[in-house]
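The next part holds the structures, each set out as structure tokens.
Each of the next two complexes has chain A plus one other chain: chain B in the first, chain C in the second.
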Partner chain A sequence: MKNGFRQSMAWLHTWTGLLLGWLLFAIFVTGTSSYFQEEITAWMTPEIRSVPADGPTRFAAATRWLEREVPGASEWSVYSAGKRAAGLQLYWVNGPDAPADAPTDARLDGAGRKADARETAGGDFLYRFHYNLHYINWYWARWIVGIAAMAMLVAIFSGIVTHKKIIADFFLLRLGKGQRSWLDAHNASSVLFLPFILMITYTGLVSLATHYMPWGIAANYANEEKFFEATFPWPVPAEKVGSAPLIAVAPLVEHAERTWGAGTGSVRILNPGDRTAQVIVSTAPDASMSVRPRSMTFDGVTGKLISAHNPSGAATATEGTMIGLHAGRFASGVLRTLYFLSGVAGCVMVASGLILWTVKRRAKLPDPDRPHFGFRLVEKLNIGAIGGLPLGMAVYFLANRLLPVEGAGRSDREIAALFIAWGGVFVWAAVRPSARAWIEVLAVTAAAFALVPVVSALTTDRSLIASLANGDMVFAGFDLSMLLVAAGFGRAAAKAKRRATSPKAGVRKRTAGSPVTEAA
Partner chain B sequence: MSRAVDILHGGRWRDIAARVLAAVPLNYAVTSALTMLIARLLPGGAQQASVGATLMSFLIFAGLAMTAFAVRSVSRLWAGLIATGVIAALADWYLIAWGGRL
Partner chain C sequence: MTHLLLLFLATLGFALLCVSRVRHQRDLIGRKLSERTTDFVRWCGVAILALAYLLAGYRFGWAVGTLEWLGLSSIGAVLTMAMLSHRSGQNSLPR
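Entry: the complex of A and B
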């Protein structure tokens, strides 16, 4: 009885894992890179130099900039992504006199000057891709991602049930043993990192919970809007009544930061320069574990505190903290690195699981040289999905440095470069013998990642050597990570090649593994 | 339960399709009805109850999805899920009609 249950869960684990594994791999890879989203954006906008400045000063400088540039706006907002962000993002709503095509946003560097940087979606693109995908409607994309995440949750639970020796697998990693090695890699990455992987999957679903499960709200609210108004208050500007000077913003930000003991993430100013002006100061995304910000609303003329919003309630706190745990914005230094490494383990878990599917079945094929269509399809999709996205990301970074700095639609072309490279790998996988395709794709990916710091050094004045000399840890860290990733892919390519050309390959092929058995 | 395994490995497609339909669309309907019920019953005000119920819904869905592939009889699986869904939906309807919504 118990054995039967375990076997049906093993079946469920295999098939949910296979069907959604390719998409999950893409979500895991781009999601993992998002732990360094701000650093990626900083690297992709080399024109912006990070100048450290404290919160009140930066927000005051941004307000002065807005006062000078768009005095007639009905609303200003200034956002900081937190301590790691290189600059500030500004948005405004133009007044009735402004032309319809007048700009409504700008980026400022740390010193409060307008950032004149190349147009790029930066790390934000990779972050958004991991739940919105791209080139398709975000509404349906989120459903597709949600289905994959739920399949993952089911695959995790059924994987736990399938496991006979969960503690032993903690310490078990037999390398160079073909199928056994893939199984160990799959087990070690998932069992050792199980708390993270379970957490990240559940909290990922929670991050978009009301998209997937709006019925909890529908049970208590006839109109969904009422729920969102109560949960995320968003005051709008009142009717203007007559001009009055705007109070200095810095003391308000200072007051708020002292009260919270946390940094500021945004300042919204409604009706600046009017007697009805309000200044709304909110906590930074990295200020606490919960992602739900606290805020204070001040009178924009007198500076009097009008109201304070402090999200409370057990369920809200749980939800906010779950999403916070997922995004890890609060994490600094060591913890962020651990987040990243855990994410990498998640990628290894998904990739090794997908490869294990083919390795296991290859041994049982009637004729290993001429596998049936389903087997070949999975094998090719594995190459395209696992090998293609990393190459696409390397090409994305290269395109950032190689495309002309000026020109409209630049950020879209960077993104297009990623998908062209990724799509190219699928085509390559389809036309080449699988064993060769693995070696070639891994080798090209290694070369592309190794080229990133080289091309960056040739096209900007912020080379790895210059960054190391200046103690610029963001740029140096990015370039060094590229080299590390390149080394990893190079090693995988070398191993795949050795396996394919080794004299024992023919024997191994039939008994245990694919030519890329040890590739990752 | 061992019959579930034989069926899954034997690849009886009608049986598998029936389980998949129960595990995904039917499961979603049943989970939605249960989530609404929990949102009506949890204490702490409408907002907290709605959020709390939504947080739990994913565990309910995953649990029911696994059950769909573990139980022996497909007909009993469908009957059980439909019965649960109908009872929960009736309770939802009654509670909303009686207590109203915001």
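Entry: the complex of A and C
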């Protein structure tokens, strides 16, 4: 290794950052977008326009729907993702008389009608991608993501050591000065947001801890199933003994919500319409900072409270709170926005770090016009990874509006569109000169994001203007965010173009036309 | 409303911390401050950030309040940085 502790840390920072940076960028971008997962899903199902009713009312309406549609089921469950979710997700277990291919799930809108919306994976896909990836087995994907997160943690700590003037340069951002500016941007996005970046990386690892370190479970339980049964009890329906009317669900939900002082996230009903019926009411994912729900079990005929489950124990509370802190489901408007902005800072940190690798080395190339293979590879992968995913996401949203509304496998085709666009950028980067490819990819991405609200206005009746007029903050917010992102990419494209057309790119210290023209 | 006040306090706190750095004083306020004034400004910055934390904890509870404070502090620091970057761009012209 090189001489000195700081140099060796710099080496570690550079190479862990580079090797896993491309994947980390994808994890950060999709993870950041997931803070608005419910809003993205709402935008991607424009047919649903109802506003959610309060807890007791909507769960009672869902129960009535189930009573009417699948009275013979041995178990019903109704899930809500919380206050921001537009609809309810229903699952049931069919009774023995039902045909084998009978449906076992449905979506209801906020008014309790069956949701008749286009098939889409919505924001859920982006959320799942950020830890399960796609097209590969989730088990190995989580290992890959875990290795990336661990590398991130290494890069953060080695980066703190490497950064010589963390306090002295705290507020410095010198624009228009090539490598200096990239380093400043990299430092600013990581140092000013360090609490968030440390928290999100560490808690991300914690949320999959039992996946990475199953030995604690292996030592104390016969198998993983036994562990999950003990940690997250999941009662199953008893033997049916004879019919009895199901008690009204609304008062039970109301009672539970009053006791908790928090909203309901799910209602499970075992053996509905039987004397052994039970109603299990659990808290919503956004009800508390910890993700572990509290629950109450009621007798389904008399409505008597049978038991109340409150996950306790320091370890459970710590784990649940750390995961909750990561996912931020409890966060309301402003805090959610802060989570999102901090996530964007994380994306900027990873992207600027990756770009810095090439900027730093370009100045030292023996012949800048014909760089060596390793340099070209990193440059191309940077374009594909940093430029490709955002374009893919814009195409994902466009595909949602442009693909025929009917037809099976629609949600898979939306996802395929994302990856085709993303892969296309890698190919584009490979065949074009890098400086040109950056400009083109950034410009196309800007155009694609700008097109999203336009195409949405042409294909649905929920245009930005209509949304603003109706005070529909979710749709208006989504469309406006698309325009903001488009403006950001447009600016980046313009900057890249200016740099490429200025006389000597790379080694020059000043950028023509930049606001900072310091007398040297 | 509390959020706006907190953002204001976070930005003010970091702006004062920034002013208390001797190398930024010319860019930010056009002159150098005496050592005593610089120390005073630094403590004012720290005190305002601490005050913002107390306010956030009191208003939102210590768990959520801490998160709100950290998040808004990051934004306040970014705004300060943007201001410094803008002003040093302006001030360096005549120098």
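Points worth noting:
Just so we're on the same page, the second predicted complex is superposed on the first by the 497 of 520 C-alpha atoms of A that agree within 3 Å, B and C clash if a C-alpha of one lies under 4 Å from a C-alpha of the other, contacts with A are read in each partner's own complex, and residues count from 1 in each chain.
Heads up, the rule we're going with is that a residue touches a chain if its C-beta (ideal position, glycine included) is under 8 Å from a C-beta of that chain, and two chains touch if they have at least 3 such contacts.
Computed from a predicted structure; not experimentally measured.
Looking at the shared chain after the overlay, A:Thr57 reaches neither chain B nor chain C.
By the touch criterion defined above, A:Ile217 reaches chain B but does not reach chain C.
Of the two partner chains placed around the shared chain by superposition, chain B is the only one that A:Thr231 touches, whereas chain C remains out of contact. Of the two partner chains placed around the shared chain by superposition, neither chain B nor chain C is touched by A:Thr276. In the superposition on chain A, A:Glu319 contacts chain B only, with no contact to chain C. When both complexes are overlaid on chain A, the residue A:Phe5 reaches chain B alone and has no touch with chain C.
Once the two complexes are laid over each other on the shared chain, residue contacts for A:Thr459 go to neither chain B nor chain C.
Note on chain A: of its two partners chain C and chain B, the one contacting more of its residues is B. Across the interface of their complex, chain B is touched by residues 1, 3-5, 7-9, 11-12, 150, 153-154, 157-158, 161, 202, 205-206, 209-210, 212-213, 215-223, 226-227, 230-231, 313-316, 318-319, 322 of chain A. Against chain C, the residues of chain A that register as touching in their complex are 168, 170-175, 188, 192-193, 195-196, 289, 325, 330-331, 334-335, 338-339, 341-342, 345, 515-519.
In the complex of the two chains, the chain C residues touching chain A come out as 3, 14, 17-18, 21, 23-24, 63-64, 67-68, 70-72, 74-75, 77-78, 80-82, 84-86, 88-89, 92-93, 95. Contact residues of chain B toward chain A in the complex are 1-5, 8-9, 31-33, 35-40, 42, 44-55, 57-58, 61-62, 65-66, 69-70, 92, 96, 101-102.
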